[in-house]
Amino acid sequence: MKKVIQIMSCEEAIKSIAPHSRVMVGGFGLRGYPEDLVDALAASGIGDLTIISNDLGSPGIGLGKLLTNNQIKGLEGNYYNWNPEVAAAYNEGKIKVNLLPQGTFAEGIRAAGAGIPAFYTLASVGTELAKGKETRTFGDKEYVLEYALPGDVALLKAEKADELGNLVYCKSARNFNPIMAMAAKYVIVEVGEIVAAGELDPECIVTPHMFVDVLVLKGR
Amino acid sequence: MKKVIQIMSCEEAIKSIAPHSRVMVGGFGLRGYPEDLVDALAASGIGDLTIISNDLGSPGIGLGKLLTNNQIKGLEGNYYNWNPEVAAAYNEGKIKVNLLPQGTFAEGIRAAGAGIPAFYTLASVGTELAKGKETRTFGDKEYVLEYALPGDVALLKAEKADELGNLVYCKSARNFNPIMAMAAKYVIVEVGEIVAAGELDPECIVTPHMFVDVLVLKGR
Amino acid sequence: MEMSEEIAKERIAKRIAQEFRLTTNRLFLNLGVGIPTMVADYVNNANVFVQAENGMLGVGPLAKSDEEDWQLINAGRQMVTMTKGCSFFDSSVSFGMIRGGHVDATVLGAFEVDEAGNIANWIIPNGKQLGVGGAMDLVSGANRVIVAIQHQDKKGKSKIKKSCALPITGFHEADLIITEYAVFAYEDGGLVLKEIAPEVTLEDIRMMTEAAYKVSATVKTMNVA
Amino acid sequence: MEMSEEIAKERIAKRIAQEFRLTTNRLFLNLGVGIPTMVADYVNNANVFVQAENGMLGVGPLAKSDEEDWQLINAGRQMVTMTKGCSFFDSSVSFGMIRGGHVDATVLGAFEVDEAGNIANWIIPNGKQLGVGGAMDLVSGANRVIVAIQHQDKKGKSKIKKSCALPITGFHEADLIITEYAVFAYEDGGLVLKEIAPEVTLEDIRMMTEAAYKVSATVKTMNVA
């Protein structure tokens, strides 16, 4: 059971993150990521984190701060070329990296949220990213078995929430946020605005409040 | 490639359905199913169909008409207790039935649309519905392997479309329609209204027009 | 023991509602057809949010005749109402909620349950039924499974069996069994009698129950108000 | 052969655009970073709908300075505009489109391609890169894969190889390879030269191409306008 939705400061919300947690962070290329929450996490110094996110921002910007601060033990994600410090830290053996094709990464997150432990996909078959992975033929094609990617905590960004915790997003800032809301046990969302229950169109709510624990207001 | 969206009569649209086709039909309990299209399909007499739908309406109502007309070779779906003629026809050996848990049925349709050939689920493990199915243990639980459920044609119901073919739905009439739009090769949608492109909020479009071939206006 | 079916069902629904009435946490609840749907009428707690597997979170009370909306039904095809903050989604998202463990509790009717916590509620193999609905997904996916069941069938035979004879919906899935006369919890691999109705004795329950069970050291009188 | 990189890239983008310019069907197109993004500028066909894997269908031209919207980017992090009828969705839906075969064509840059249709475009193992993006999903999922690539590297070595040396993104996935000097199709298990630029001869192409290929009986002059 989730508590009734709680509205907190970033600092308060971040206290739910223990060292060694698997932390999912929404966003793609510095858009749609929870800027204030990430800053608070960086300021907290909480370490040994596994960060599950598409990318790791840029050097010293966004999630990049966590690497600069040595708070990261491992990464599960898709694209770190926007932050060359990731390859450097990986080469030095400072961090582990589970690199996945973007679609496999997205589907693994959705699978975790939807109770699917594993699924098959064509992407990466035969490549270095499929090394050591199980494959299986369906029809005339070979597929690779991929697993659900669950999180302990998710730090997300949405445009607007209602008091219950229902969420809507803005344009391409939606990206991984809705599926991460389903995949993590405890979900903290940074929003621009909180409106009364009933003000969001029930047909247009993207993330039902079933998937949300805490709201923080951006800029507070 | 899909043709530019076509607006047709039901009779014209139904011509794309060949005998022996796998026809997906949206709806749940006579809500959110394409009434005019189903009537046109019943009137056409096209036979040997495999109908992929949650249920089969009621005797002589909605999809029930197709059974009364002997147009059905097989069913893939979830719940036929609302139409006792289904059990009767099955017992007489007139039709084949692939009965699936509702969540497995929904996920199989989504998987077909999303290029996932197979996935694992807890539902039905150890039961009669899992007889002969492959199982596998992940963690400490046993799961059953289930397969994608693709369609040749989908007959769907939406509340409103724009000229491009983007769709929005109404309340619990949404049900299986959005995932069937992804899972069938050719998608025909009965809508109440067609508006100009740009009139639907891009944040609220549920089915992008990538998944839609033909629109028919209900009541025409 | 004589009790009309109507009164029995109402009592079961009311007792189940007590499981949810006082929660100060949000509780996401899926209700099956029959007695379970009646539970919603007695919950009266704004923290309880009803999910319908046909694609809705925040299902309100059954629609009165002037509120009926053809396109707004629950999974039992009853016309329902919306609550503030309700949302709609497709069937794959709905079962993602269920399979993914986001639904806190499901209340289901059953033909039989047994002392292993097995539930039989999807089919009586009499050739007249062919349907499973969301029951298998719900019993395996929901965090807590509450079985709403009359204690005995019309011939007076126990529906709480040593071992289900009918096809099973889910194995070891029942967490709580609530009848008009008793409340059993499934604990440490077996049934434990937790409550009995005011008008019956422990011996009465023993007589009307086929399954083996332990009697809780703190067995209480069931609140049937 | 002397051609500035800028002119070469523009020529490649323009030639690729010809593949889409006349379609009277709707064509759903995903464009990679670099030359592929430039393709959109030359298509001018309202039937072509650009999909961005970060969750948008109906991507418009790059935003001018007064149109810039921080929350509206393509997968290359460029600020873009919306077209009428565009829509937004999450990353799992976006890759459902791609993996599910709903994207008609993808245009991708590459480090190398080879005569088996293999594409190497995700990593140069120099220790400075660690990222794959959507390339593996796109080459395996899109119905038609068009590789936009300069014919030779800066040292004059062919980028159309006998066999890729760099890590492969997808095996046998290239359908069309378009350089500033030539168009190759992958047909019947091998490369076929279909077009050559006006200023080069078949012998020039032979000299600058490492991969084996057949020359089409109907080889044409590439339209470079």
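Per-chain residue numbering starts at 1, and chain names A, B, C and D are given in the order in which the chains are listed.
What we mean here is this: a residue touches a chain if its C-beta (ideal position, glycine included) is under 8 Å from a C-beta of that chain, and two chains touch if they have at least 3 such contacts.
Just so we're clear, the structure is a prediction, and the values are computed from it rather than from any experiment.
**Student:** Which chains does chain B share as contact partners with chain C?
**Tutor:** Per touch definition, common to chain B and chain C: A.
**Student:** Which chain lies the greatest distance away from chain D when centres are computed from Cα atoms alone?
**Tutor:** Measuring from the centre of chain D, the most distant chain centre belongs to C.
**Student:** Please compute the C-alpha centroid of chain B, do the same for chain D, then give the distance between them in whole Å.
**Tutor:** So the centroids are 35 Å from each other.
**Student:** What whole-Å value do you get for the distance between chain C and chain D if each is reduced to the mean of its CA atoms?
**Tutor:** The computed centroid separation for chain C versus chain D comes out at 56 Å.
**Student:** Distance from the CA centroid of chain A to that of chain B, rounded to the nearest Å?
**Tutor:** 32
**Student:** Could you list which residues of chain C touch at least two other chains?
**Tutor:** 82, 88-89, 92, 95-96, 98-99, 141
**Student:** Find every residue in chain B that makes contact with two or more other chains and list them.
**Tutor:** Within chain B, residues 107, 110, 114-116, 121-122, 169-171, 202-203, 206 contact more than one other chain.
**Student:** Let me make sure I understand the interfaces: which chain pairs count as touching?
**Tutor:** Every touching chain pair, ordered by label, is A-B, A-C, A-D, B-C, B-D.
**Student:** Show me the residue ranges of chain B that touch chain A in the complex, using the header's touch definition.
**Tutor:** My answer: residues 107, 111, 114-122, 138-139, 141, 143, 147, 168-171, 201-204, 206.
**Student:** Using the touch definition from the top, list the residues of chain D that touch chain A in their complex.
**Tutor:** For chain D paired with chain A, touching residues are 52-56, 69-75, 77, 82, 88-92, 94-95, 98-99, 127-137, 140-141, 167-171.
**Student:** Note which residues of chain A are touching chain D in the complex, please.
**Tutor:** Residues 28-32, 54-55, 78-82, 84, 86-87, 90-91, 97, 99-104, 106-107, 109-110, 121-129, 169-179, 206 of chain A touch chain D in their complex.
**Student:** In their complex, what parts of chain B are in touch with chain D?
**Tutor:** 1-5, 110, 112-116, 162-164, 166, 182, 197-198, 200, 202-203, 205, 208-211
**Student:** Show which residues of chain D lie in contact with chain B when the two form their complex.
**Tutor:** 23-28, 47, 49, 51, 57-58, 82, 84-89, 92, 95-102, 104, 141
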